[in-house]
Structure formats: structure tokens, C-alpha cells
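One structure coming up, written as C-alpha cells, with questions to follow.
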Amino acid sequence: MSAAPETLAIRPPAVWLRFARALWRTATANAAMMTGIALFLAVVIVAIGAPVFAEVDPLDQDLLARLVPPSPGHWLGTDAFGRDIWARIAYGARISLVIGLVAVGIAMVIGSALGILSGYMGGWVDQAISQATNILLAFPSLILGLMVVAFLGPSVPNLIAAISLATIPQFIRVSRAPTIALRERDFIQACRALGFSPLRIMVRHILPNIWPEILVMGSLWLATAIRVEASLAFIGLGVKPPTPTWGGMIREGFEQILNSVYLALFPSLAILVVVLALNMIGDGLRDALDPRLKESKR
Amino acid sequence: AHPASAAEKVIRVGMATGDIGKMDPHVAAGTPEKTLFTWVFNGLVRIRPGEANPQFIEPDLATSWEHSADNLTWTFHLRKGVQCHGGYGEFTADDAAYSLMRAADPKRSSFSSDFKAISGVEALDKYTLKITYKEHVPSVLGYLVNIQGGNMVCKKAAEEMGADFAKHPIGTGPFMFQEYKPQQEVVLVANPDYFRGKPKIDRIEYKFIQAIASRDLAFEKGELDISYGRSDQAWYDRMSKLKDASVVTTEPTELYTLHLNQSHKPLDDLRVRQAIAMSIPRDAIVKYRGERIARAAKSVVPQGYLGYADTPMLPYDPKKAKALLKEAGYPDGIKLHVVQTSLGVMRDTMEVLQGQMRKAGIDLDLQIVEHATFHADIRKDKSDAVLYAASRFPIADIYLSQFYDSASTVGSPTAVTNFSHCNVADAEIRAARTETDAEKQLAEWKLAQKKIIDNVCSVPVYELFDAWALSNRVKLGYTLTGAPGRGIPLLEETTID
Amino acid sequence: MTTAQPLLQVFGVSKTFDVPRRIGAPPGKVHALDDVTLDIAIGETLGLVGESGCGKSTAGRAFLRLIEPDTGEVWFDGENLTTAIPSRMRTLRKRLQIIFQDPYSSLNPRQKVADMLAEVLSVHKVCPRAEFPRRIAQLLDEVGLPASAADRFPHEFSGGQRQRLGIARALSVGPDLIVADEAVSALDVSIQAQILDLLRRLKAERNLSYLFITHDLGVVRYFCQRAAVMYLGRIVETGPVKDLLDEPLHPYTRMLRAASPVPNPVEARKTVQVTGEVPSPLNPPTGCHFHPRCPLAKDICKQARPTVTEMGGGRAVACHLYG
Amino acid sequence: MTDAPVLAVRGLSTQFRIGGAWRAATRNIAFDLYENQTIALVGESGCGKSITCQTILGLLPAAVARTEGSIVYQGRELVGLSDAEMETVRGKEIAMIFQEPMTALNPVMTVGEQIAEAIRVHRRCTKAEAKAEAIAFMDRVRIPAAAQRYNDYPHQFSGGMRQRIVIAMAMACKPKVLLADEPTTALDVTIQAQILAELRDLCANFNMSMVFITHSLGVVAAIADRVAVMYAGEIVELASVEELFAAPQHPYTRALFQAIPRVDETAENLQAIPGQVPPITAFPEGCRFAPRCPMRMEKCAGRPPRLAAADPASPHAVACFLHHDLALEEAAE
Amino acid sequence: MARYALLKLLYAVPTLFAVLLLVFVLTRVIPGDPAQLILGDQATPEAIAALRTQLGLDKSIPLQFLDFLVGVLHGDFGSSIVTGQSVVSLAAAVLPSTLELTVASLVVGVVFGVPLGAWSAMRRNRLPDIAVRIGSLIGLSLPAFVFGILLLVVFAVQLGWFPVIAPSGDVSVFEDLRALVLPAVTLGILMAAYITRVTRSSMLQVLGEDFIRTARAKGVPWWRVVRRHALRNAIIPVVTVVGLYLGVLIGNSVLTEMVFNRPGLGKLIVGALAQRDYPVLQGLMVLYTLLIILANLITDLAYGVFNPRVRFA
């Protein structure tokens, strides 16, 4: 055809760099996402800099100043042991964030990997994974948590293991269905025709197309993960005392909910802030990753 | 609730449990079951309603009794015409003998150890029962009151029903079992043939409501008339403010004791144990729990028990505790690995101890486990320290024998609940058990308590009362200060407006 | 038949699809391919025509094992594809390419054009990484797209432009055989001419072979040496293009020929006589599938499936008229 | 042909938001459509044919596309109508057949329902009536065993059959104007011939007018009354079908004719147009075809030529300086 | 259809077996002795050993498993070692309220979730959307027990509209439903939060599809396009999520059941595990697994109803 073109619009920068740029572009364009990032960063900063933000030791009991309502001295009040709630929320952010993010992260990675594998490969792989999923699903997550924790003993890693284990089936299911739909699409067929290995097809072609669903699910389950810690704490199997966690604080707050409702409310609000922030980021990310995103017709 | 006819009087009781266990008085040991047994069963004798102290023992199914000079042979004369529930006939000496044998049989009873000393039970005639003992027992009558193994069951019913008896208890008490709904309630109805007269209330709805807040709200809204409370001052204060209701705290108390396992380092060192004793601010903890709810422990035996002696303990002094630790070779403090149950009050108490002992450089590394695991683990010596709450029949012997006699050391074949591996007072405890002279017996017990405390086998923390919220509409018919069976007795004279 | 060495040989390939009806009811069966036998020589272009839904795309896919055929064998360059192990198949795919019919679903919506092409180049190590940009621009240029297209996502292109992206992708690995499934149907004549010229040039340069699926007999005439006509899953006629179009043997081929529009307003207005209903592939007619629409149908056509008759000059037809 | 056009398009331009700026995908589109007449839109793929049709129906999302110019349907200006107002126009007055048959149908509604819906939203009739009529339309587009397939879902149809369903759906609205975007591209020639015949009948029976997009000049010859040739977002030539086929004037149109592979003649070589269509972000200043035009002149790069008749007496209009001069045009104004 | 259901149930047998084996082994490997728990802390080692023998806990684990399997095959699930009640009667007692609560909260979840999600998608990034999104996140962030108590305080105690604890005995259907409202809302809100999010996201996707444009080109009014075309497609992923959550609901209503003092399968299972009540635990896990499988089946069927493309190959 005509002479080779002289100018080229394509310089291939590193993938991460391009991703980061896309992220930054969307982030700056998307006020909600910026707010989300700011909120999340704020929580992370409070978690890391807890000693700075809360001068009081979160473990320091003051038995004679228990259940003090929010007041200048303790601006979020004190708990049943007279410990400062704000300090506990700040320090608790560390563990709760780690539990939520890591547990959901692990579940998301393993679950969607298995889901894609199951949906794409079909056949006995699909059968095996589906059966395993059913077995996992057949345990109420509280029971599963109880068993894992009873078996391995309560510790943060074990808790994370328990919560991820309970969450994995959700991600398997959520990623398997769209994978099956995608498998029939011509562009996946084209990949096969081009001799791409199944692994490449799954990672490079299917995964990017089901990201949005996984992301939305991920940001939703984060709240659940932090809450499950609360549920386990509720039956007494959360993180070791006296380490503060939001879930544990909610449990303790529940005991006093009729006298001092703020005990359970403040940590719940903290969870809300994180989940809200992550959802805003998740939605923004989704827009960033979806080139096709059309505006609704109105 | 049931469509109550205007005339029907119903009392609704809320209990802190998800469900009830076996309704067999010789098997179940939990508060929910014991509360139920109070209404269904009688003993040969009983403690006057409203009291918890054995000094108030009075006739129940037995109208009178006498014993031999050596205290080893006891004869009881039974009340005539007492009817078993459900048409199982008259309650006779045969039933009483059967009940006692049943309670003493380790295969059928959780309380067989209480009756170890019995050598024979015999129905002399329809209304006369003879019990013979191998050795002296500090309080024969105490074991025959209507709690635990002292509850009298009807032989024919128990034998006919076999394992089903636990689902449908038959006794002679003022109320009869009617219906059980899993996870919901047990319904009891008045026993029209009750020997003290037909009860004034027609029915008891005994509801299992695990969550305290729900129980409180149900009580507040009038859906419950009696509600099991929480041993917490905040709860006490809030409920006390309710109109038309009152809050009562009852004995027996549960004594919370921190047992220090001497077989574990560094607790083998007396100085370390003393340091621990000095790191616990008993009075502050009582304040935290609530002064209407708790009282500071004054010995290793709960107050009011026969043989209890107020024994001075080491005062709270975290500085001195630190110094002692340093002296023992732990300048940076010590760390104890503690297995702890996840159950509410026990765990709360442990967290307070943890927070307080921290100030003396003692770090409690709590491994919170499920209650079942807790019981298994502490019996395998897995914990450096065991926080245990218990109330026993109010005689010092039981407490001392089970917790501080080396024969009861966990892991041994005769193990009960000696978690501390304490053996300093074996001689005194054993001597007191068979001592017939009351004075001498008291002296031995007193010495035993002092030795245990001086040796810091354990650190008693506080005693907690049971707390109940009662609607003012409920008229118990007696003054309530104690409830030996934990549950509030609802009797023939109890009524509701 | 062609004397040249065959590159692709297809023997008796059949494919049936289950079509679900209601939940629980037994599925319907569509015989998309019914005993198809074909071959394509090195450097040859075989046109495959037939009505929509007759199984052309299925054939193209089955030959490349994108769909597993139920029965039959496909040989490529002396190798049996039907039994090739997956890793061998993946290597072979570099030589076997397909351009998909539907330009809308054949491109990954989340991949930019440059990434798409770069991925192919890197997987098959077509050229050193440093040359990718140049190579990509060249490929785009070959299919008539500007270099700036590299930085765009598929949804930013029109249908014809997307089709060209698919062509560029197939060309990028330098295949020996391309299955072009209506590759130029969505294009306007000018681009179509460009693409056809391009495909022709590549054929000349690289001795490429094509299986060219299309509706457009004009394109067949221009581009293909031989053609095969399909009707409801069966090949009804094959032969050199010129003969086949100028003197069609099978009544269906004749009908196709007659219905082809010509760019002449006067001629085009003459109403062509196209008769009969298109049969349902779920429930194809007995005997010769075409008999309900055939103006020359005889009794035997309703009963027996016609066998393939060699007619000389490389022509063959499956019709009772020639039995 | 009556005097007033059913649809009069003037100075229509559709702009997309690309990289933050508004870029015109089409520019200055103008044509008249008379009753019972078919105008064919042909041209390079990507030159804006589909966009133009969607603009007429106001279907482009406001967030990414905007429209300038005027579209007058039976005396009523459509540009600037609210969505609710457009709803009364869509389907009933102007209907559209979309280019992509695979995605144009709702996958969870039976094809019959979708056609019946088109009937019921515009006319009061019972469900049974709508169903009967829908089946009749399915018959018309040669769906075999139409009554049985009424309750089938789109995925149970082949691409060609889906296309026919889309056509049936548009026809079922009985619009005054039908915008048909490559309705027969996916079909084989026998079905295509039948559909074209059917569409012609419909135009005649219902006094329908049609805008027909296609790439096949054979199809144009078979169905169109007038032809608009588009290039890079503009109409470059507009003439009756006979005149255009007899004497194409614009160099692009001529080049198109050179590129047709014919079924009745063997051609050695097709004359492809060298070069490529400029992207909408880089349209040339003057005549957009100029860079590829074999007869390019100096002035072609200067100002865009207007679409006008070389001979004022003839309706054959062309936008090319070879046929009429800019100066001439300006003088005429 | 019946054949399909049967086939699915057949497929479930290995799952069931695996679940049982897991429950069986895990519960016996974790520490804790039912005999100790039943007899209390004063029981003698002798009494405990006797009870263990009586319960068959002294046998080897494989032997116990075999005994259990044989029992199950004879339809005998044993009885609780804690209460003595037969497992079947316990299950029968709690099953109705579990199903009742599950269905009711499902209804709450769908009735709130789907319309809110759709509305939010249509008002993307505008005030209603933001409000709905934050609202759904509040639903997710507040643990059921906290939310439940708050509901009780306001609606049961303050306003007196609903009872605090579920009435027992023979009560009118009205009373029964009244007691169901608050727990169903507590659980349903959580579910609604999920459904809202999923509906919104899939609705956004669907609104961009070509067939929406086709429908609009037909002149179908906008609200009808949304209802008949968009929603019907958007609901398909929602069905998956609802199905998934259905299983979760049955087992995870424990805390809600505690707060509202309702009997329930989940509560029973948790209780049995805490008490190491092996027969109950095993029997109920069979039931629970069957319910999950049933829920899967219903989801599949519902999926088929909503999605004609679904295949059962």
C-alpha cells in the first residue's frame, strides 16, 4: 500500500506507567474517586500515625471512668473498661484494615482465578471446582470461621484465612458466569486461533473484561469481611484482646448498646467510611478500566 | 403468647441461653436447667424460699428426720399423699430411695461425687427412708435440698421413660412440664395436686433469650415479667430506673479466682505469684463491675460458706509487685500464656485483669477459645493461669477439696478442678472433712485458707451476684435474697397482678 | 481437481449443535455441517458461498479446530489436525488464521489496537520488540488504517474499520492459510478493493491460501480460483469459479447466480424469481435439502440424498439431475 | 413525487467529544426525501452514514455527541426536541433498521414479542391482534414457520434470520420514513433479493420513504431512486440513480465504480483508491478527498467545495471544483 | 424439569458426603469434650468416661463415621447428646422459621434492592444515585445485631408496632407476620445493599447495549424501555447474586435470630458446635447442605426463567 507512515502515535510505555496515568487522569476527572482516595488515605494515615492522632494509650484502662459519653476529654467517649474509644478506633484501623483488605484480596485473587479457570476450561476442571465451591458454600460462614479458628487457634492470619475461605466461593461464582459468556465471544476464539495459551487468554483477555464485576464485589465484601470479624468477635473469637479492632469494638459495644449506643456506632461508622471510600475508588477504577463506558441514554 | 383468657395468670421468665439442655435434674448443671428444676422438683428438705444459706433448712418432702449419734445413719419420715406429675402415682420412700441411688450413680448422674459417702439407701416402709453413710459428712442435709442431686424424681416415670425423661421431667413440684419448643421456650403449668396447695399462677412461660439487649427490651416492653440480668453496674442502673420494676441480686455468688499454675515457670516462684497478687486492684475492679453487683473476694472460699474465714491478702501495690518480679529475676516483667473462654463475663473479667496487671509489668497473652475448647485445654494444663468462676454448695470443704486438694489436681486420675497444682493445705482440708467437732473443723478450714492464700495458689478477685429484673406485678410470696438453685423459686403462693 | 499439492484437506467433517429448547426438554439438533469434504491447494483461494445459516462459519471454525468436529478429519500440510495435541496445535496456529465474520465481537473491547497487535507479535516472536511500533504501523497501513488507530479502542471504530483490524491481526503472524469469514462484507467497495488487492498481493508474495467465505458472487469471481456452494450444511457444488458462475449446474447455484445484484439500475429492477421458503436447519427436508425450493425437483429428490458426481474439469455436483 | 419533502435535512452536523474537544464526524449534510422515494447512502466505511441516521432519530447519547443543523420532518423541526417528544416520532413516523443484527435484539424477549411491541406501542390493539400481525411480518421477511418461531429467542436464530427480524420489527411500525442501515449485508443474495422486493412493495403500499445505507452498488441499483455518495462526513454527490450510474461526476464516485467486483464480468484488477480516509480528528481544510484525488487541483486544498448542481437545471449535485467553481457559487448567492 | 432436578440432587450426593466427612473429622479434631460439657465441672473422670462410652465416643473415628452413615442410610439421624431431643424433631422445629425468615428477607432485599439499583443507575452520578449508594453501604456496614437492636428500640419499644421477641405457640398468621417484619428487614437490608449494587452495575451495562437503542428507535417510551428491556436483562446477574446469598442467608442469620429470639437452623448449628453436640451438628449439616443445593437448584431454574440462553448440558 502507500509509503510507510513517518509519524507514529504509539510509544509503548511500561504497562504500569500507562495504568497509573490512566488512573491519574480518571481520578482527577472524577471527583467522587478523588474523594474516595482522600478518605481512604485519611484512614490509612490515621492507622499508621495512630500514636500521633490519639495521645492516649488505647489499652489504658480507667475503671472509674468507664462508659463516659463523648466529651472534651474523650471526644468519642470511653468503653466499658474506661478505654478511650477514639484511640481504639485509630489503632483498631490497623488490624481491621489489614484483615479486610488482605482477606478480601486473597479471596478475590484465588476466587476469581478459580472462577475463570472453571468457566474457561469447562469439563472436569469445572466440575471439580464447582463441587469444591458447593462444599465450601455448604458451611455457613460463621461455622466455617468457627471451625478454622477453633482448629488453628485465633490469630490475625488465621482469621484472615477463615474469612477468605468463606469469601472465596462468592468470587468463584461471580467470575465463572461471565467467563462462560465470554468464552463464546469471537475475540476469545480469535485468541485461540492465534495460538495463545489458555493461561494468557484467561489472564490477559478474560480477566480485564470481568474486572468490573469482581471489583464491585470486592468493595462490597470488604465491609462484610470487617463485619465477619465482628461476628466472630461476637461469639468471642475475634482478634486477641486487648488489641483493638473495629469488629471487636462493635461486639463490646453491643453489650452496652442500650446504655451507650455510641460504643457500637462509632466503629460501625469507621467501617462505613472505609467501605464508602473503597466503593468510590472501585467505581472510579471501573470507569478507568472500561473504555466502552457509555453514558446512559439520558 | 398464648391467647390468654382474662383469668389466666401467666409469668414469663427470660433466661440467658439459646436453648435448654437435658431436663434431667441429676444430669444438667447449667443455670437455665437448674432454674427450671426449682419449679418442677422437690427435695427431702429445702432451704427456706428466698434464702441461700443452709442454716435455713426446713422440711420439704420429708416432714421430719433423725440421725444416729455417730451421724452415719439417717432416717426420714416422708409426707403422705404427695402426687407425682402426670398421674405417676404417690411419691413414696421407694421413689426417694431410687432418686438418691440414681444421683449417686456416676453413670446416670453428674453429681455422684456428692454421694460418695453413702453406703446404703433403704425404704423402711412406704413413708420411711433410711440412709447410711460410710464416713462422716459435713452436711448431710445440705446435699438433700432440692438442688442438683437432691432433687427427687418419680421412679416409675424415670424408669418408664428412660432417656426420654430428660425431655419430659416428672417431679412433685408446684409446676409441671408441659411443652418444649427448641430454642424458644418451655411451658409449665400449675400442678393442681401440689401438696402445699394449687399454685396461684396458671402457667410459666420460660423463654430462652440469649441476647441481653433483647431480653432487656422485652422486659421493658412488658413481654417478660422476670428477666435474667447481666452482672454489670450499667445494666443495674438502667434497669433500676424502669417504672414498675425492681432489680434484685441474689446469692449464691460466683467467686472469680485466678488460679496460678505452679507447675509452669515462672509461677513456681512464690515471689512471682506474690507480685501477681499485688498487681490486682480488687476494690477498683469491684467498682468497675458495680458495687451492687459484685463484692471483693475476701478468701479463697466465698463469703457465707460454712467454714469461710476472712483471710487477709496481699494489698494492691503495683510498684512493689514490679520490685518483686525484679528480685525474682524478671526486671522486664513477665508474660503469661493464658487460655481464656470466649464467654462474656469471664472474658470481661480477664480483660480487666489484663489491663490492670499490665501496669505491674505482667503481660497476659490471652488465647481466646471457645468455651468447649477452654474446658478441654485447662484440664490439659495448657494455661499458665486459669480464671475460674464457681459457686458450690455453701460448705468450705467442697470448694477447698475441688480447687486446692492435690488429689483434685488436673491431669491426675481423680482430677477435679485444682488448676494451680496447690498442695500446701492437703492435711488441713482432709482433716476438716471428717472432723466431727465443729470447732476444730472450723479451725482446720481457717488454717487451710490462710496457707493457700499465703502460698498464693490463686488470687481470688471478686464475687458476683446473680441479677434479676422483676416486674412489680410479680408477687413472689417471700422475700428474695438468695436462690440456692440459681433460679428464682416460683411457688404456690407466687402470683401476678 | 487441482494438481497442486493440497495444503488443507477435509474429509467428511460433520458437526451437530444442541439447541436448547425449554428447560428439561431434550435439545433440538442442528446439523450445521453434514459430511463436508474439501481441499485447498497451496496458493489457492477457495470461495465458499451459501445462504446465511447454512454452516459456512461453522465450517471455517471446524477446519481450524476452534470448534471440535463431531466426525471427520482435517489435515493441514500433511499433519492430522484433528488429533494434534494442544501444544502442537498452538504452534500450528501461527500458520492457520481466521478473520471473523462479526467485527463487533471479535475484538477485545478492553484492549487497544496497539496492544492487541503487539501481543500477537510477541507471543509468536514475529520480530524484535523494538520493531513492534514500525511493524504495527505497517500492518495498519496495509489494511488502510492510519497509524493513530493504534492508540484507540475497538469501540471507537466503525464496523468496516473493525473488520480491517481483524484482518490486520490475522496477517500479523504471517500465516499460510487464512479462513476469511465474510471478511469484506462490511466494507465499502473501495476499501474492499484495497483489501482484496492486499490479500491477493500477500498471496502472490507468500504463496498464501484462502478459504474465502462470502455472499458476494462478484467477489468470488474476482478473488477465487475455485468455489464451493453450500446448502444447509452440505456442499452441493464445487468447481473453478468461472465455470461455476457462468454455467452453474446445481439449481441452487443457478438461483444464487440469478439473484446476484448487478450495479445497473435497469437490469437490477428486473424481478428475479426466487421461490420457496428457507427450510429450518432444526428440521431439514428429507432427501436433497433443496428440493422444496427447487423448480426441477423430482420424486427421488424427496427421498434420497444425492451423491457427489464428478463432472470433469474439476467440477463436481451433488444433485439427482446429474446422477 | 409530491412537492414537499417528507424529510428535509439541512446543514446537519454531528459532533463527538473526543479527547475533550468536539469533533465533527459529519458536516453540512443536506438532502430531501420525498414520499414513496428511496435515497441510498453509500460511501467509505466510517464516513458517517450510520451516525447520520442515528442523528435523525436523536439516538446518540447527549453526553458524547451533539447535533447542529436542521431536520424537518413533515414540517416539524426535530433538532432540539426533547426525548419525550422524540418518542412520538420514533418508530411511528421514522423507524430504523440497525446495522448490527447480533446485538440489536433484546436477548431475553422472544422475537415475536419484540415485533408485537413495535405494533402495540403505536396502535391500540389487542395482544392477539398484535401477535397475528407480527407473525404476518415475520412471514413477509421469509422467516420459515413464522408462527412456530414467534416464541423463539434471538439466540435461536442465525445472523441472517436475526437481521430479518430487525427488518420485520422496523416495518411493523409502519413508519413514514424507514432508515435502513445495511439491512441486507448479512444476508445471502437470494434472501437479499426477496427482502429488497419486500421493501419496495412496502414503500409502495404504505407510501413509505426510505434512507437506505449499503455498500453494494448492485443493491443501490436495485432499490434506490436517488443516491447520496458520502465521503469523510460529507455528501460529495447527490443524484438520481440512473444519472449517477450513467455519469458519475465526483472523482470519488467514479473511483467507487471502478472498484466493484462484478459477478457477470471477470475483472483482472479492481481499481482501489490509493491512500486512506482521514480520521475525523484530522480532516483536511479544503476538499476532503483532495489528498487522494487523481485530479487534484491547487484550489482543492483551499476551501471546501459546496454540493451544488453543475447544471442548474438538473438535480444532479456534486461537490467538486471540476464541475462548478467556488467563485460561481459565491456569485450565485 | 423433574429429571433435571433429580440429576442435580444426584450430583449433590458426593458433595453431601464430603461435607459430612469434613464436619465429622473437623469437629472431632478440635479440642472439646461433650461429656465434660454435659456433666459440668464437678463431674468425676469416672462419670465422664462412662458417658463417653454411652455416647460411643470411645470408638475410633472411622468406626463412629461408619455408625453414623449406617444410621443415616436407615433414616436415623440420632438424637442430641445435650438435650436428648431427636435430631429430626429439632430440625423440624426450626426449619419453618428459618425458611420463613429467609424468604421474607429475600423479599425485602429484592423489593428494595432492584428498584433502588435501577433508579440509581438511571440517575448515575446524580443526587439519587449518590444517596442510594451511600444508603446501601450503610446497610452493609452496620452489623445485623446492631441494626436489629436499633430497630427494636425504635419500632418495638418506642412505637410498639412490633413485638420484641417472636411470639410462640398458636398465634394468628397476622401476629406471626408482625413478628417477622423486623428480623426480615434486618437481614433484608443487608441483602438489599448487595442487590442494589449489583443491579446498578448491571443496569449501567445494559443501558449501553444496542438493543436498548433498537427499542428506543421503535418509539417505545423510556420508562417502558427501562422496565421491559433493560430491567429484564439487568436482573440476570442479580439472580446469581441472590442465589449465592440465599445460601448465605440460611446460615448467617444466626445473629439476627439471636437478637430477635427466633429459632433457626444457623443458631442450632452454632449451638451444637459450641456444645460439641455431634449428632445434631452432623444431622443439621446434612439438612443445611441439602438446603443449599436446593437453593442452587432454584437459582438455576430462576436463571432459566430470566435468561433464555441458559443451557443445561
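Letters A, B, C, D and E mark the chains as written, and numbering starts fresh at 1 in each.
Simple rule for what comes next: contacts are C-beta pairs under 8 Å (C-beta built on N, C-alpha and C of every residue); 3 or more make two chains touch, one makes a residue touch a chain.
Computed from a prediction, not measured in an experiment: that's the story for all the values here.
Asker: Can you check which chain pair, A-E or D-E, has more C-beta pairs in contact?
Answerer: Pair with more contacting C-beta pairs, A-E versus D-E: A-E.
Asker: What's the chain with its C-alpha centre farthest out from chain B?
Answerer: D
Asker: Using mean CA coordinates as chain centres, what's the chain A-chain B distance in Å?
Answerer: Centre-to-centre distance between chain A and chain B: 46 Å.
Asker: Averaging only over C-alpha atoms, locate the centres of chain B and chain E and give their separation in whole Å.
Answerer: The computed centroid separation for chain B versus chain E comes out at 38 Å.
Asker: Measure off the straight-line distance from the CA centroid of chain B to the CA centroid of chain D, and report it in whole Å.
Answerer: 91
Asker: Round to the nearest whole Å and give the separation of the Cα centres of chain C and chain D.
Answerer: Computed value for the inter-centroid distance: 28 Å.
Asker: Can you tell me which residues of chain A touch two or more of the remaining chains?
Answerer: 1-2, 146, 150, 235, 254, 257-258, 292, 294-298
Asker: Would you give the residues of chain E that are in contact with at least 2 other chains, written as numbers and ranges?
Answerer: Each of 30-32, 145, 149, 153, 213, 216, 222, 274 in chain E touches at least two other chains.
Asker: Hey, what residues on chain D touch two or more of the other chains?
Answerer: Residues 59, 83, 100, 103, 276.
Asker: Going by the contact rule set out above, which residues of chain E touch chain D in the complex?
Answerer: 209-211, 213-222, 224, 228-229, 232-233, 236, 306-309
Asker: Where on chain E is chain B touching in the complex?
Answerer: Counting only chain E, the residues touching chain B are 30-34, 36-47, 50-51, 54, 79, 82-85, 89-90, 93-94, 145, 149, 152-153, 156-157, 160, 163-171, 258-264, 267-268, 271, 274-276.
Asker: Can you tell me which positions in chain B touch chain A when the two form their complex?
Answerer: 212-213, 216-217, 230, 232, 234-235, 237-238, 281, 284-285, 287-288, 341-344, 347-348, 350-352, 354-356, 358, 365-370, 373
Asker: Under the definition above, what is the set of chain B residues touching chain E in their complex?
Answerer: Going through chain B, the ones touching chain E are 1-3, 18-24, 27-30, 106-107, 109-114, 163-164, 166-167, 180-185, 187, 205, 207-211, 213-214, 217-218, 220-221, 223-224, 369-373, 375-377, 379, 390, 392, 402, 413-417.
Asker: What residues on chain A touch chain C, complex-wise?
Answerer: Of all residues in chain A, those touching chain C are 1-2, 4-5, 7-12, 185-187, 189-197, 200, 204-205, 208-209, 289-292.
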